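What follows is chain A paired twice: with chain B in the first complex and chain C in the second.
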Partner chain A sequence: MRLWRRFKRNPEAPMLGAFVVLFFAFMLAPILIVVIVAFNDANFVAFPLRGYSLRWFYRIVEYRPFLDSFVVSLELAFASTLVACLLGVPASLALVRGRSRYANAIATFLLSPLAMPLIVLGLAFLFYLSALGLGVSFLSLLISHTVVGLPYIMRTVAGVYRGVSSDFEETASILGANRPQTFWYVTLPLIRPGIFAGALFSILISFDNLPISFFFGSAETNTLPVVMLSYIEHQFDPSIAALSAVQMLLAVFALLVVERIYGLKHMSAPT
Partner chain B sequence: METMESMRRRRFMQAMAAAGAAVCMPLGGRHASAQGQTLTVTSYGGIWEKAIKECFVADFEKKNPGAKANVVLGGPAQWMGQVEANQANPPIHAIMNTVGLSLIAGRKGLVEKISAEKVPNLKDVPPRFAEVADWWGACFDYGSFGIAYHRDRVKNPPKSFAEFIDRTAKGEWMAGLPTISYPSTEQILIWSFSDILGGGVDNIDPFFKAADRMKKNILWWASVTDFLNQLDSGEIDIGMYWDGRTWAHYDSGAKHIAYVNPKEGGVMNPVVVQKPKNAPELAWKYIDSMFAPEPQAKFAEMLNYGVTNSKVVFNAKLKERITPWEQTRWPPFEKIAEKLPEWTERWNKEIGKKG
Partner chain C sequence: MTATVAAPAASAPARRRKAHSGALSIWWVLPAVLFLIVFYVFPIVQNGYRGFYPEFAGAGLEFNLRAYAKLLGDSFYLGVIVDTFWLSALVTLICLVLGYPVAYFLVRYSGRWSGVIIFLLIAPLLTSIIMRTYGWRVLLARRGLINNPLLDQLGLIDAPLRLVNTQGSAVVGLVHVLVPFMVLAVASVLQGIDTRLEESARILGANRWQTFLRVTLPLSLDGIGTGAIMVFMIANGSFVTLLLIGGDSFRTLPLLIYQQFNTTRDFGFAAAMGNLLLLSAVGCLYLQLRLIRRRGVKG
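On to the complex of A and B.
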């Protein structure tokens, strides 16, 4: 009776609820199927399952290219994010507070990788960095991934920094702090959520990147997405599903850690 | 006269360049190991990588003590791009390629001509496998493109491509065909159907007419795994597919799949191996291992694909499965490569919405 009364009072609410449930089911079903398929004991991808097994998870460890490329991808994601932070944070601060008439043009230029098809960027980097003598190497991968990660750092840091009143820095300066002290004790704590959010995006973008890494794959520098693509094109077993399940688990774990030590809600605005 | 300011600036730039180089060297150095006695060779992922390592790399390292071959995974377009961008010091020393791309690589001067002097085992390979790539490399392996079907859902499989087209048009089954984004569709589908139905490389109208007749009963696939997904999920019952892949799927436990070598002959699709210009001479020795009879026999056993050394003797199971190269139809690869842009445009206009 109470439900009926609530429905009569607000008939849109149950419909909205049903829509939300269906929407989530639609979004989550493919992911769920991938996870289920990973436990298949057959040698090929089949759904529904004929039997359960963990053998495809063992395959991730057994097949060396998966593990080697996973390590390369992790190294690359963290290194490129670190370099992007070292370049992007000062650039954002200068562009937000700067009075140069070129500030907008420079900001647009630094954000431009967001607007370019990554496959075009990858091909251009291959020829450009090869002409510079860097060739197909980890350094080339690092440079190109840094360029792609930079806009994410810049956008989030600039967004947060714009919302921070310059009064804080001026006050610190009046109280005798020099520029490095002002940056370290005042600005950095205020923009930390932006750096953290940008870095997280940059790591994820780098880790998942295929179009750029594709051009720089070598025996030592192949990244996980390139190896996964090459594998899935020529082998039809559920190990890619198992690998995807592990990746999803790692992503969820990372988000839980971030939430635990930092709080996801703090990543969009200064605290 | 230089001012103090400009001298200071130049010194600063020099210091930055030196620091940059110091930072870069260990990172760039990962690439430098592919020199001298260490080669970088190519492979597709999965079972290909295992087969390339266990058959060819193992044979090469055994015959050339101290030499090593690292395997890079990926695909021909990626490797070609890397070689083209680094012609003086190619990062890849033996490149697996499609016939179409191998001819382009040759014309661009990216690769060297192959010969029996450089690769002694080539004398046992029928010349046609080198001629097809204009001697800018040679084919070490090939697949034949025929018809694969689900045994439970297709009790009376077609015996020819012509019969397959007619019965698909009649709606006897849902059929899977490769779409234009699949790398060799221009040969294995467009040219093949045109050839069977009275056209050819200069007249592909018969293919488009056939595609139009079949359109209600076709599902397009973009990768070899797509086809198997569609077949296993019941979206399609039959389709055009590779012989080796069909048998590999069968051996993995999918006993419901079967293959027909059509009466007209399956379409030949070989894999070429090439040595990029400026790659170490040692690369020829690796390529020689790729044409040696023992590694090739093992490779055929692992992948269920045909190999090209005429000394290779297949066991009874493989003999039944592998289509002899003489029974396949060879597309005019070079002419098709020239026509590809025109064909792609027509495909996009006439089939694009569905394909």
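On to the complex of A and C.
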């Protein structure tokens, strides 16, 4: 009865609801199918699946390039995020509170790497860093990933800091805290959710980066996506599915941890 | 008058604080700005040069327009440029048509489900681009989950449809990657619309459809604009999706740059194509800024 009354009030609601269900079926189908295929027993992907096994998960550990590149990707994601935080957190704090008329222009400049086509940046970075003598190296990867990660840190930190009243810092300084103390005991705890959300984004983006990383590919600097790309160009066995499923599990786990500790309200905050 | 009086009257801590923030801005912003100038602006400028000095690596270093003449004079490459922008525009339009109702539902009807919907929108962003394209390849394969039921259970077709490596699969893959951005952009603007405006329209005699077309839709144009520019911009530069499930169906600038790097190795020409893409990105960025500024003035 209540349902009927609601339907009479909003006849378009059920139609919209059905559309939304279909929409998410479209969004989730290709992801779910990969998870299912990961447990497939056969050497190839064919439906209906013949049997289930965990052999493709063993294959991840067996095939050296997967493991090696996973370590490279992990180091790269964390190192570039750390550098991006060291550069980006102070900058976004100053830009949010700064009254300079250049603040807006500088903020736009610092966020602009978000808008650039990554494949063009990758090619430009390769030539430039080679001219500097860095060439294909972990350091080159670190520099390029930092450029790309920086805007994500800045966006979330600025988003959180803008919502923080400056009263806290003023009170601290009136009560006698010096600047480092105010920063360490007042500002930093307040913006920590922004830093963590931004760092999570930056890590995920770095981990999934292919258009830049593949320009810097070598035995020592191949990242996981580069190895996966060259693997599926040659074979189509389900080990890529297993690897993807593990990767997604790690990402969801990281998201849940950050959400548990700091909340994710700020993650989708438009800035 | 008040200003001159106010300044000396400010308390000592207030003045000290002001001095603080002045010093703070420069030294806190400088490292990030310098880093981006050295490792982001310089590479792009160098890339700009390379387009005009196609034999950059070799001996003959002289300014010429050969790369651009090839890019803009040859009908094949003109077709590539048109294809790139046409594909992005098409993807943007589909994202809008699919995303708007979802954003509307999220803001107006989802209630306590809104958290779930936002999680489902963000969840695909947690999966690698390779995972998603792999999933589409499995679904669309010759004996995949779409062809098989059509062939065996329903018997609607005699031979498997060619679904992967077509223009359709390229568009589907790109829409799948980009539509969450559109939904989030439109939802954030819809959220800010005062529902009393819609109620007033209804009371004054407009029906639901008229209210939507005359009141809600115009008020959400900012969100549509922001989302559309963002989707168009990312679509322009995307190439992993096109490479893995688009095959050769669309030849776009990013794919050609990849090809130049891997096989042809004409780096001057690759740089020229890159510069064109950069130029379009800067154009989009400019439009986006104007939109934001306009909203700022209105709010």
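What we mean here is this: the second predicted complex is superposed on the first by the 237 of 271 C-alpha atoms of A that agree within 3 Å, B and C clash if a C-alpha of one lies under 4 Å from a C-alpha of the other, contacts with A are read in each partner's own complex, and residues count from 1 in each chain.
Just so we're on the same page, contacts are C-beta pairs under 8 Å (C-beta built on N, C-alpha and C of every residue); 3 or more make two chains touch, one makes a residue touch a chain.
These numbers come from a predicted model, not from an experiment.
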Evaluate whether chain B and chain C can sit on chain A together after superposition, giving fit or clash.
clash
Determine, under the contact definition given at the top, whether A:210 touches first (chain B), second (chain C), both, or neither.
second
Once the structures are superposed on A, label A:138 by its partner contacts, choosing first (chain B), second (chain C), both or neither.
first
Where does A:42 make contact in the superposed view: on chain B (first), on chain C (second), on both, or on neither?
first
Examine A:237 and indicate which partner it touches, taking first as chain B and second as chain C; both and neither are also allowed.
first
In the superposed arrangement, does A:252 touch chain B (first), chain C (second), both or neither?
second
Pick one for A:227: touches chain B only (first), chain C only (second), both, or neither.
first
Comparing the two partners chain B and chain C, which touches a greater set of residues in chain A
C
Using the touch definition from the top, say if A:18 reaches chain B (first), chain C (second), both or neither.
neither
Applying the touch criterion given at the start, work out whether A:219 contacts chain B, chain C, both or neither, answering first, second, both or neither.
first
Mind working out whether A:127 is in touch with chain B, chain C, both or neither, as first, second, both or neither?
both
Set of chain A residues, in rising order, touched by both chain B and chain C
45-47, 123, 127, 131, 215, 228-229, 232, 236
Chain A residues touching chain C in their complex are 10-13, 16-17, 19-20, 23-24, 26-34, 37, 45-47, 86-88, 90-91, 93-95, 97-100, 103, 106, 108-110, 112-113, 115-121, 123-125, 127-129, 131, 143-144, 146-147, 150, 154, 170, 173-174, 179, 204, 207-208, 210-211, 215, 225, 228-229, 232, 236, 240-241, 244-245, 247-248, 251-252, 255, 267-268, 270
Residue numbers of chain B touching chain A in their complex, please.
24, 27-31, 33-34, 40, 44-49, 70-75, 78, 81-82, 85-86, 89, 91, 223-225, 228-229, 232-233, 249, 252-254
Chain C - residues contacting chain A, complex
13, 16-17, 20-21, 24-26, 28-29, 31-33, 35-36, 39-40, 42-44, 46-47, 50, 98, 101-102, 104-105, 109, 117-118, 120-132, 134-139, 141, 143-145, 148, 176, 179-180, 184-185, 188, 208, 233, 236-237, 239-240, 244, 254, 257-258, 261, 267, 270-271, 274-275, 277-278, 281-282, 284-285, 288-289
What does chain A use to touch chain B in their complex?
42-47, 65, 123, 126-127, 130-131, 134-139, 142, 214-222, 226-237
